[in-house]
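Think of it as A, B, C, D and E in the order they're written, each chain with its own count starting at 1.
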Amino acid sequence: MVVGEVVGNLWSTKKVDALSGARFLLVNVADKKPGTAKTWQTRQIVACDMVGAGFGEQVLVVEGSGARVVDQGEHVPIDATIVGIIDSIDEQ
Amino acid sequence: MVVGEVVGNLWSTKKVDALSGARFLLVNVADKKPGTAKTWQTRQIVACDMVGAGFGEQVLVVEGSGARVVDQGEHVPIDATIVGIIDSIDEQ
Amino acid sequence: MVVGEVVGNLWSTKKVDALSGARFLLVNVADKKPGTAKTWQTRQIVACDMVGAGFGEQVLVVEGSGARVVDQGEHVPIDATIVGIIDSIDEQ
Amino acid sequence: MVVGEVVGNLWSTKKVDALSGARFLLVNVADKKPGTAKTWQTRQIVACDMVGAGFGEQVLVVEGSGARVVDQGEHVPIDATIVGIIDSIDEQ
Amino acid sequence: MVVGEVVGNLWSTKKVDALSGARFLLVNVADKKPGTAKTWQTRQIVACDMVGAGFGEQVLVVEGSGARVVDQGEHVPIDATIVGIIDSIDEQ
């Protein structure tokens, strides 16, 4: 999984039926440069929200086929799901 | 999922039978550079269109095995599908 | 999917049984730099050929689990398959 | 699989039910620059721990759908699992 | 699939049961810079060996779910398998 930050909403009216009712959030995923605290590159993805995440919150995102292993998600064409809101990260 | 822009069509006559009738669109996917509005690198992919997307439209693309979770797509060798046309992105 | 160019053959005698008879082609996949026509980075992969592609031809390549959704490919350990020969790309 | 180093813990109270009891560890994955011993880019991921890994330990991480091929992991939305603690790497 | 070079062994005593008896090899995967013969970035992965590969040998590696489509590999948490030893590459 990756740690991301919710930075926006995405609206789509014309979409495949299976995505009806899905809530799409824009999420920034950051990779780190070795030996520094700097981010190296930001990857922006669109994830389905399963936990009621809001703007600015740090979230846990599952990508790939695992994104569909959620309530009634098996037959939904998605590849990224927000599965948790992060309380804290204890990095040493 | 990722946000992409439709930039072209791709034609293939000689292809595996399961892809007969598929509509292939060329899609530019952009990654962002941290702390700026600039794109860092563009990745160009070919996606199957399921929603009637046109040139220049911003679309929502599902990649990986999720791309096959669409009408009759289970047995089609694809790894990227356009599942929605984007109305708007509300980024903060 | 991605657009690639066939640049070579790969020969392997000692391989797992399920790959007997498979035809491996070396394919260059190119990513583009934003706002230019330049390629940014080339990724070289090995793909199984299902359409009789030849040297120098532009081909459509499916990666990931979708690569196995081809004739009798379900039980073959592959992750990239050439599923079409490209006639033309109409990029705008 | 990739070699990673455990660099932290991640806590999430509000998460999907299937992740109850999961132990999330922050793992740094390093890619190498060709011809040198230097790392080029660090990718930081969150992995589920299945072997009792601790801070600073070098671990073996499985990503993608393989991450769910562990005890009772089939129906859990994850995409990275620590499946082993590394004793030694014999690189030549 | 990708072409890699075996550069080492990896030992792990404390691992999930399903990996008992697995042989882990360290493999360097190289991406090429466009228009040159130079490698651009090396990615180092850990792959399960199914063909008896040795140090310095060029091997064919399958990644993702395809890595588990090997003898009794279906229920093993892996994401990269060496499925062939490369005899020669005929690049033009």
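In this text, a residue touches a chain if its C-beta (ideal position, glycine included) is under 8 Å from a C-beta of that chain, and two chains touch if they have at least 3 such contacts.
Predicted, not measured: the structure shown is a model, and the values here were computed from it.
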Those chains which touch chain D and also touch chain A: none
Same-site or different-site touching of chain D by its copy chain E, using the half cut: different
Distance from the mean Cα position of chain B to that of chain A, given in whole angstrom: 18
Centre distance in Å when chain A and chain C are each reduced to the mean of their C-alpha atoms: 30
Sites on chain C at which at least two other chains make contact: 40-41, 64-65, 67
Chain contact graph, described as a line, ring, star, complete graph or other shape: ring
Neighbour-by-neighbour ring order, given that chain B leads and chain C comes next: B, C, E, D, A
Chain D - residues contacting chain A, complex: 7-16, 18-19, 24, 26, 28, 30, 39-47, 55-56, 64-65, 67-68, 75-80
Touching residues (chain side chain A, partner chain D) in the complex: 1-3, 31-34, 40-41, 50-52, 60, 62-67, 69-71, 81, 83-92
